[in-house]
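To start, I am sharing the structure in question, which I have written as structure tokens.
Note that the chains are named A, B, C and D in the order they appear, and that numbering of residues resets to 1 at the start of each chain.
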Amino acid sequence: MLLFLYPDATEQTGEALLTKLREAGLQGQLVAERPRRVVRLRGAPQSLEWLQGLPGVQHALHALKPFQLALKTSEKHKTTIRVADHSIGSAEPTIIAGPCAVEDPEDLVSVARTLKRNGAHLLRGGVYKPRSSPYDFQGLGREGLELLADAGRTVGLPIVTEAVDERSLEEIEDIAHVVQIGSRNMHNFELLKRAGAGRLPVFLKRGFAATLEEFLLAAEYLLERGNPNVMLCERGIRTFSDHSRFTLDLSIVPRLLELSHLPVFVDPSHASGRRRSVAALAKAAIAAGADGVMVEVHARPDRAMCDGPQSLEPGAFEPLAEQIRLLASVRDGQREAVQ
Amino acid sequence: MLLFLYPDATEQTGEALLTKLREAGLQGQLVAERPRRVVRLRGAPQSLEWLQGLPGVQHALHALKPFQLALKTSEKHKTTIRVADHSIGSAEPTIIAGPCAVEDPEDLVSVARTLKRNGAHLLRGGVYKPRSSPYDFQGLGREGLELLADAGRTVGLPIVTEAVDERSLEEIEDIAHVVQIGSRNMHNFELLKRAGAGRLPVFLKRGFAATLEEFLLAAEYLLERGNPNVMLCERGIRTFSDHSRFTLDLSIVPRLLELSHLPVFVDPSHASGRRRSVAALAKAAIAAGADGVMVEVHARPDRAMCDGPQSLEPGAFEPLAEQIRLLASVRDGQREAVQ
Amino acid sequence: MLLFLYPDATEQTGEALLTKLREAGLQGQLVAERPRRVVRLRGAPQSLEWLQGLPGVQHALHALKPFQLALKTSEKHKTTIRVADHSIGSAEPTIIAGPCAVEDPEDLVSVARTLKRNGAHLLRGGVYKPRSSPYDFQGLGREGLELLADAGRTVGLPIVTEAVDERSLEEIEDIAHVVQIGSRNMHNFELLKRAGAGRLPVFLKRGFAATLEEFLLAAEYLLERGNPNVMLCERGIRTFSDHSRFTLDLSIVPRLLELSHLPVFVDPSHASGRRRSVAALAKAAIAAGADGVMVEVHARPDRAMCDGPQSLEPGAFEPLAEQIRLLASVRDGQREAVQ
Amino acid sequence: MLLFLYPDATEQTGEALLTKLREAGLQGQLVAERPRRVVRLRGAPQSLEWLQGLPGVQHALHALKPFQLALKTSEKHKTTIRVADHSIGSAEPTIIAGPCAVEDPEDLVSVARTLKRNGAHLLRGGVYKPRSSPYDFQGLGREGLELLADAGRTVGLPIVTEAVDERSLEEIEDIAHVVQIGSRNMHNFELLKRAGAGRLPVFLKRGFAATLEEFLLAAEYLLERGNPNVMLCERGIRTFSDHSRFTLDLSIVPRLLELSHLPVFVDPSHASGRRRSVAALAKAAIAAGADGVMVEVHARPDRAMCDGPQSLEPGAFEPLAEQIRLLASVRDGQREAVQ
């Protein structure tokens, strides 16, 4: 068990913590002082809630090795990822948008043009679709990948799409700018190992039943194989709550920003499954400090073969993109408080 | 099953919907045209997700009576509740703040003064505490209630506190300005009936395992007994996700704002159980459209008998209150999009 | 934090545990030797999972006082509760059955007769119903209570029914043999205090989002006020799993039997919401070691005003009751292993 | 939406259902009469709970094709799978047992001998382990596979082990008798397609956040590619309930037995994470009608590199195996009622 102290913790704070631990019958040991103080507790896994409530403790992990790659080494530690001329993880919030699945090429170019005009940074579109049923539309595959690349080139947007196995990952690496590992594959550790050894930045979605620690460990699989360019994306978890498709767990955003140097995204479209809630939740994500959002936009949502009800119409994208930029600028003073 | 159409739905939209229902084998019947169109489906409860994806349908409910009191009758329908000189549910976001429990009178006045100076509208403080263990501090009761009222009078803030049964409700009615029904009593229907027949506005927290429909029906118990002044407050639900005490279900905010005319609040303190996440989530709540927030602030959180780790220090309240007002002003254009 | 060792733990086991704790940096202290060894860890709440995996440790609790009333003081410690001529918590499994709500008096007597003839021990029937909607049937109240008592007297069965507040509890105490506190009121601590001071044995249902520790603490409220006759009933929890109304958490049965001396029941009817699954789950409950089951049986389920789809028809009760007795006799050797 | 009537439903039952649907505004259409009646509702997905409560309806699915491969075509339809000289899915309950991971060869042979002597039918042992952390023991791989095969041959037990990608699947196909797809890969559709095209029977574990319908659709992926030998295994789901590692959802057992012809298993070891609960839950699974159980048994659980706390000691296996056989024989009359 490792306790990471706040970056500005003084020696005095550290001593006070060790005393408090001793009073509670625990033997803590200082294992690092720079860039920040880290205290190790031997053996016994304590309750995270209790440990994180101790004065000076920023976070606690059931960690196996003192310095995990997904964790910050200092308060200011932040990974930025360059994609085309945009820097993900910097002050400007990143907007990734596009249809759930690549279908009609004309619709795709049309929606991509709208996105580009209104300041989106990446074009998304699924071509290999992990579908619950073998009888559902499984995506256009290689052909779709080329359509997506064409649309991106036509309007001047880099592209991101999802890999579902080694073969699709290889095809995507040949042509796309970012590869997505979806929620259903966050626990597919062989795919993570392969993407970690790959060339493309990885957009990693949280498994819909994954804990924060499992999510960070999935990122660790990527980082440990040598790929430093990893983005984390909250996209809703499975709960009893039935007014939205999944329950957007927005409170993971400040926690991830505190713990990790990796850029943090939110996908309100898959989380809510409902067009009318997407804008409110995208704005909430930005206000909570997220580095960016991924939203679904479709030229004609009522004809979409996949996830039409949650896709924004192109006309709704412009005001949303504007509000996101406005909120992010207001948030400037806020990020300090969050971190 | 009732389908509520969007307030601006035309006759043509209504006809198109009826046709679509017929194609799906359903017989819909128009049961109201003003203030908005409502279509009833006889008998068979369909999947809410499917119905709410139909063109023109704003929301669907397993409703028993055509006009439930908690639901909007028009898009602009909004309840505002006057407490002292503040109007809850109007443009200005409402900030309710104070310690989890009333303990030391001097600390209480000290924190209340900070809250008042920084624009809080109501002072909260628990005196009857529903505690999981019979051996936990159960609150100061009547004595605490008087301390809370004194503090409110001293600094000029109206007060809100929680009732746990008929007797405590009566005492609270004598002296407080708003009564809270807590998460653990949202399903205590006898208490709801009693508060619905009472004089005070009711601050109703969502049960931590309640669905949206159950939450609105709990409000309906209050309204049906004659009390029109009801506020709804999301405060986190129980899920597997263990990085926060409860999972704040922020996506219920746009849904409640769409369906109901009642003011909608968020309590990020109980949801996260963690001081460092409170500000980010409070701001997210406002960005998502909430009418207000309830946050815990304690003069000396490390000495609190209850929920210290989630209480803000007084010094953190000022910047938060400012940011809330700033975000709400930015959000103006946003509220339109949400509703 | 208290660690309860297995009743047969030797001094050597205790020493080995203390050594193991020391190696993990924890200072344990032996606070009781009889009737069993109890080790206290100062202050720091450790992970229950880790502590309970230590050799010799039967269970660990975030306990505040060394000897809580709901916990066993020895392996053989078991509360039995005499109701009429049946002893709840003894070798013979207890069968509680009857309609969800008291409605038609003739149907009630008819079903009660079937139950009595086939070996049921208590007749259940709701007269004060906690209903999600104010417009739902709220039970027949006092009139229903008298109908239930009449039916019980007619066929010779003691009765159990649910109290929802102090007034209904008083009426029930005048006439019934056992009072039920339902799932929605498990967190209604004022009602628990009142029932704990009352005359009747209490049938306490687990809140549908309550943890094991919260459930035992609710029982502790009853015991602490002086009522020793408490039964615990698992009735399903809220999860994402949508093939049954709630998810029956049967794994709580062996845990409760290990920790507590109170009789443990299972209600498969409310858990599954589905007649066809009730028998399988009732039998599973008995095989897992439960002291009894509560099942809904209605004379004419298709006419029931409440929970018809989950009620057994009278004809299905006879074979179920037989199988329960048969399984319980097979289980004899099993109970040893469970405890 | 398809409604499957009970196999013994008469023409009259069918007519009554169609009338009832019409009264509820729905147009049902009879799409099959043999081997059982199936009614299709056009378009509108109704609430499963409501539909399944209609007289005559055994189950309802959001089905895309009238006859899905995982579903029963008649009440007696049951797949049996021959592995060595044992028939899985027949009257005799199947017991699969062995260590979580293959580690020490002598321990493995020793435990396998105990299992064989006490009537186990398959030896399990992980060699490719999907682990949350990249720093955790990932299994012995090919070397472990050979150790497992040797142990199986030595004691005369067929073996089952988990595949995590195409490569490991190929190795396993060369040497094992059954291949397992684990909970974390239930949504890995590319792996399902590959195993569906493979030679070995597949032991498919439910994803820990999968619905019943998603679980059956994962099986459908296997069947649709041509592999008829599929077993379904419930192993616990993620919920808020923290007294066990996962929440064993035993109520899925009677539902799966009703809907599908595939053999149904339960893994109480992974579900509970706790040795002391394994026997009670294994017995409950059999009483609920399961075709078999998978339990972890380790020669020296305290030295296991993986999941020691949930592994039975060899001495505990003998009485459990006996009780399972005894309960299954008692259950004979019960299976009728379940199905």
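Here is the rule we use: a residue touches a chain if its C-beta (ideal position, glycine included) is under 8 Å from a C-beta of that chain, and two chains touch if they have at least 3 such contacts.
Quick caveat, the model's predicted, so the values are computed rather than measured.
Centroid analysis (C-alpha atoms only) places D farthest from chain B. One inter-chain figure worth recording: chain B and chain C are separated by 33 Å, centre to centre, where each centre is the mean of the chain's CA atoms. One simple way to say how far apart two chains are is to compare their mean CA positions; for chain C and chain D this gives 29 Å. Computed from the mean C-alpha positions, the centre of chain B lies at a distance of 43 Å from the centre of chain D. Shared contact sites, meaning residues of chain B that touch two or more other chains, fall at 49, 209, 213, 238-240. Viewed as a contact network, the protein chains are fully connected, with every chain touching every other. Note for the complex: chain C touches chain D at residues 48-49, 52-53, 55, 58, 209, 211-213, 237, 239-245, 247-255, 258, 268, 271-274, 276-277, 279-281, 283-289, 302, 308-309, 316, 319-320, 323, 326-327, 330-331, 333-334, 337-338. By the touch criterion given at the top, residues 21, 23-28, 41-47, 49-51, 238-240 of chain A touch chain C in their complex. Across the interface of their complex, chain C is touched by residues 64-65, 130-136, 164-166, 184-185, 187-191, 193, 207-209, 213-214, 217-218, 220-221, 224, 238 of chain B.
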